[in-house]
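What follows is a single structure, written as structure tokens, with notes after it.
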Amino acid sequence: EAVTIQLKWVTQAQFAGYYVAQAQGFYKEAGLDVTIKPGGPDIAPPQVIMGGGADVVVDWMPSALASREKGVPLVNIAQPFKRSGMMLTCRKDTGITKPEDFKGKTLGVWFSGNEYPFLSWMSQLGLKTDGGADGVTVLKQGFNVDPLLQKQADCISTMTYNEYWQVIEAGVKPEDLIVFKYEDQGVATLEDGLYVLEDKLKDPAFVTTMAKFVKASMKGWDWAREHPDDAAKIVLDNDATGAQTEGHQKTMMQEINKLTEGSDGTLDTAAADRTVDTLMKGGSDPVISKKPEGAWSAAVTDEMKKM
Amino acid sequence: MAAASVIEARELSLTFETADGPVYALSKVNLTVQDGDFVSFIGPSGCGKTTLLRVIADLEQASEGHISVNGMKPDEARRKRAYGYVFQAPALYPWRTIERNVALPLEIMGFSAAERAERIARNLDLVNLKGFEKKFPWQLSGGMQQRVSIARALAVDPKLLLMDEPFGALDEIVRDKLNQQLLELWGRTKKTVVFVTHSIPEAVFLSTHIVVMSPRPGRIIDVIETKFPKDRTLDIRETPEFLKVAHRVREGLRQGHSYDD
Amino acid sequence: MAHQAALKPGATFWLGVLVLWALIWIGNDALSGLSTASPVAARLRNLAVPAIFGVTLLLLWQLVVKGFGIPLVLLPAPSDIWAKLITSLPTLKADFIQTFLRAVLPGWIIGSLAGFLVAILCDAWGFLKRGLLPLGNLFAALPIVGVAPIMVMWFGFDWQSKVAVVVIMTFFPMLVNAVTGLQAAGALERDLMRSYGASYLDTLLKLRLPAAMPFIFNALKINSTLALIGAIVAEFFGTPIVGMGFRISTEVGRLGLDMVWAEIAVAAIAGSAFYGVIALVERAVTFWHPSYRARKGS
Amino acid sequence: MTLAATRSRPSLAGAFAHGSTLPVTIIVLIVIVVWYLAAIPMNRVLSEPLIAAAGGGLGNTLSISWSLPRPVLPAPHQVLIELWNTVFIVAPWRPKSLLYHCWVTLSSTLLGFILGTLLGVGLAIAIVHVKALSRSLMPWIIASQTIPILAIAPMVIVVLGSIGLTGLLPKSLISMYLCFFPVTIGMVKGLASPDPMQLDLMRTYNASTAQVLWKLRWPAALPFLFASLKVAIAIALVGAIVGELPTGAQAGIGARLLNGSYYGQTQQIWAALVAAAVMSSGLVWLVGFIERRVALAMGGRP
Amino acid sequence: MAAASVIEARELSLTFETADGPVYALSKVNLTVQDGDFVSFIGPSGCGKTTLLRVIADLEQASEGHISVNGMKPDEARRKRAYGYVFQAPALYPWRTIERNVALPLEIMGFSAAERAERIARNLDLVNLKGFEKKFPWQLSGGMQQRVSIARALAVDPKLLLMDEPFGALDEIVRDKLNQQLLELWGRTKKTVVFVTHSIPEAVFLSTHIVVMSPRPGRIIDVIETKFPKDRTLDIRETPEFLKVAHRVREGLRQGHSYDD
């Protein structure tokens, strides 16, 4: 059976589980013929799946829920990432020691659907994001960590597994930095999960296929946790751009493994509810206006466990 | 003459609208050209000769009046390729060699390659430009360019020839020569020729009818019929008859001339 | 793949759409062929023809989107876009000021001017022509994807870096066209200037620049749309949270496609107006060019 | 000028004998010097602490400013080293090789350029001839160009992908979309530029529209065409690079730029930029070379 | 004559290299033009008249031989604005109105606005184009355009006038008129004029020296000095002396002519 998966971002260790499952033949063993489509800054996975370009996509829950409200009936079928890796990284010399110090500072934020947790955090802190003196100045951060290195921003968004290490690799010492993990701030949202279109789940054959897929993928994640360095190499082999470096991917793999640790693919509905709560607290412009119905389904993971 | 009329203009007027007011280029022109006629237009610079030729050729539309060419509207006649036109300026295409400039109308009218080659050679020879086939227009002198444009018009061998000062940039010897050849061609192929010139002897020598025009508004002030035989030679230019006609043309010209002081 | 099987229009529906299209097309063709004596009517017609064409396009778009039940996240219908547009005017206005007035216009002016000046320098000084022109060509395709992040690095997040991107994008079209245009004057016309012992500057100002104008205006026109695209795309790579590019990339991520298209509509209107103004100035400056003296008939 | 070049027919060999080598070398040298100098102040934010730590001094300032791992402006030799490593050290068919990515981008550039030129010329021909089109189409063509391609490219890719079009073509289509416009603009003007007298001549022959086009309008438009083609081929390259992003940025200069940028590999970005610039000026030069050839064949004055 | 020599050509040759072989446009031309001379070049189309004029004007470089203008190299003379040139074609700038076309050299040479206005009015009047000041070149007839270019050259009032078939597209009346005016101007302002024409009477009437040329390679085959008084009138065209000179010119022309059959 042919399955196409659309990733959220470019080929990197963040998606090691899928590449490993592919390379180690886990998909083939399950009778699947999987195509992995790398993503990028210009690719909105919900749009791709809606256009028929993929059967299953990797997306973050805030973006998936927002899409759902816009009429893309995405349903979470599995959640390989148990924890959130998102954080705000600041230079110590800006004088920031706690979230309250953000007032009047310039913060780099990722947009394109990744800004929701941040907005909801700021609204909890009571900080306006329109650049006024009693709030914070928000920059749409590009792809990299340069704004922090060049002191164009006081803080930037980073992932534990990627951008943070780029800052370190650029020669900034960890002791010169202060980080705010979203998890610690109580505004964590669920990250990389697997989503499909709702009506497809009515087809039992599709559910079975997805069950096989998730199972094989989770096997891939397990393997990646056991052999992090080999998994990083597999990712590198799949990088058609030749741009990734081994060192960085190995570091990333280790950090990613911390996030997938203990997940068998099943979604923790309590965590999902927390995500919804966070998003609903989004201040004047909440990301989602009402509690979503049927935005996640255990059908696939239940089926998987029967296998 | 019982010949069919090739050009028939009735109360023809043409006004150019320009930013600073209208220019009356033609005013109530009446003209009949019969089949086989050789008609010369003569008149002061800017009197509307070119404009009249352009109206006949359907390159300009009259503002008033009627005109027919071969009994048709000028538009239809043009579509039927009723005429060949030699412009006042050479209008050669700079990216084509001389021979390919002459070939242009032949290509458009679908002549075979062999036929084209033959016509090009014959007509370039006629205007004494053998050896310049492969040159580009800018490599030719002004007179040579003009001769190319004559060869180009003759190459299609049209029944009606409209020629706007074709020999203006040529020396006397070549001019006499080409005058005779044109006359010979006209006699042999029974063409109708409408010819603009500034040379009174040329007009008198060549024409069956001389149309004298005067400017602003451009109108016809005299039409003189000459009665020389078709096979006239350059010698007739010494005859009293010739000088009489020439005198009448000159008088007409002078009289219609605005250049008075 | 049609996920939305809710509304499956029949063949008659599509036939109807086609017939409608054909009818409007024929009508429009007839209208534009109409010759009128009165200049007012002619001007009216000149406005009506593209308008009718546009309305037809929009109508078809609406029918196809609604008829096929194409989801909003792929392509919103014109009616949805319009609804979004009129409810988001303040946002659109702020974005327009940030992107068009602060980035596009200055960038277009500086970039075109720079291309023009380098062309003049190359022209005036043979050494530069051979040394600088090949290097000027290096600017030809500096990919915006690579340049934009660097410009953000150099000039900061705000409009300054967008201006820089636009300058880089508009430089080359002007360089090429100006260099070509400066060669466009005829040989005899140049000889005339030589015969006056005219200085380089005189020849430039009185002959070669006027003759180059059709080319220069081509570059200005091409640059007008390039500048707009450049400024918008540059905002994908870092910006304060205002601007047309910012809004578009953000809303794409949020699947707010109606807002994306509302911005695109603003961009299209602004861009067309910009282009239109340039075309008007062109007509006034190069009125003498044969393309404006084409015969009325035929 | 003492360096006056003798005029000769353009030829591949002649291009070097043309006398442009020396001027280019001199200007390149100037650029390099300015570049090195500029790198010092531009990298100051990053280098200042390091210089201070190393004890200051001119020697430290220079060596540190010109060897930062993630500089604001890398020194020329840093870029050259990266170029050397990715062009000459790696086999050209490996993803690590810049040549491989150049080829990926070049192929979609060329296809996009050809498609764009055909579309651009076709539209211009239609616009010049059909009145209804010139009035109704032109405003919409202009409007189409104001649509930020990067915004709709993903949708285009999705739509094309769903009808089975993947690989080279979608990228080339984006490239085409961007580069047809200069051709249209240039050719609409160029095709309308023959002298009225030259058009009148065609009228007297009652030449068909096609004949007027082919024998008069087209040759008269060639200076405009070539100016447009130079712009178009450069834009086609930009388009191909932009088009690589929404297709997953898997290979090509665009992917290289994006990833370089994403992972903060400044040298890699600059190397890719230099590669793109060299590629584009090569392409522009090629168009110019053909232009000179054609001009000569068409009796242009040397 | 003890007058200084304005133009001095020694063994001047010019060969155009073209794709299909060299064209020998001028061959071993020797020519001296004294201050105050009125020299006419006459010769068959394509014999090199324009080329010789262009060499004098430093628009073309001789392949061999020497030439000086006002005792300087042509290049220097041109920079010193030693001459005014009327081209064979009008060469008007389409973006300038008629008056601004005439103004062009005046602007370049730095005349004041008042001076410009006066000269434009005077010279446009001279060529009978009053009322056309605001028109653009394409709104004028061929002959009118040529007259604009004459007015433009005369407006700067140069000491040396180079005129290439300036009256070619004009009718006899205007031509006679302008001939007289040119003669009057020449007599009054003591200009030196080098003049190309195809009209033998015109050459004889105007010139102090007539240079007869023959083509391929272009060379001078005869130089005829005429002895008419400076204040001659059109009547002299009937005198035997006039006819004698005209005959000699015609014979020279005929003899040098390649158009033989």
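Labels for the chains are A, B, C, D and E, by order of writing; each one numbers its residues from 1.
Here is the rule we use: contacts are C-beta pairs under 8 Å (C-beta built on N, C-alpha and C of every residue); 3 or more make two chains touch, one makes a residue touch a chain.
Here the structure is a predicted model, which means the values were calculated and not measured.
The fewest steps needed to get from subunit A to subunit C, moving only between touching chains, is 1.
Overlaying subunit B on subunit E by C-alpha atoms takes a rotation of 180 degrees, rounded in steps of 5. Counting contacting C-beta pairs between every two chains, the top pair is C-D.
Each chain gets a centre from the mean of its Cα atoms; the one farthest from the centre of subunit B is A.
Centroids of subunit A and subunit B (each the mean of its C-alpha atoms) stand 84 Å apart. Per-chain Cα centroids separate subunit A from subunit D by 36 Å. If you average the Cα atoms of subunit D and of subunit E, the two centres end up 51 Å apart. Taking the mean of the C-alpha atoms as each chain's centre, subunit B and subunit E sit 27 Å apart. Contact with two or more other chains is made by residues 41-42, 44, 47, 50-52, 142-144, 146, 150 of subunit A. Multi-chain contact residues of subunit D, defined as those touching 2 or more other chains: 72, 150, 154-155, 158-159, 162, 195-196, 200, 203, 245, 258, 261, 301. Looking at subunit C, one finds that residues 1, 74, 149, 153, 187, 236-237, 249, 252, 289, 293, 295 touch two or more other chains. Residues of subunit E that touch subunit B in their complex: 16, 18-20, 23, 42-46, 49-51, 88-89, 128, 134-135, 139-144, 147, 165, 168-175, 177, 198-200, 250, 253-254, 257-259.
Chain contact summary for the complex, subunit A toward subunit C: residues 41-42, 44, 46-47, 50-52, 63, 66-67, 70-72, 111-115, 129, 131, 137-144, 146-147, 150, 152, 197, 199. Those residues of subunit B lying in contact with subunit D across their complex are 54, 57-59, 78-81, 83-85, 87, 89, 91, 93-97, 104-105, 107-109, 136-138, 156.
Subunit D contributes residues 195, 197-198, 200-208, 211, 215-216, 219, 222, 298-301 to its touches with subunit B in the complex. On the subunit A side of its complex with subunit D, the touching residues are 10-11, 37-44, 47-48, 50-53, 142-146, 149-151, 166, 169-171, 239-245, 248.
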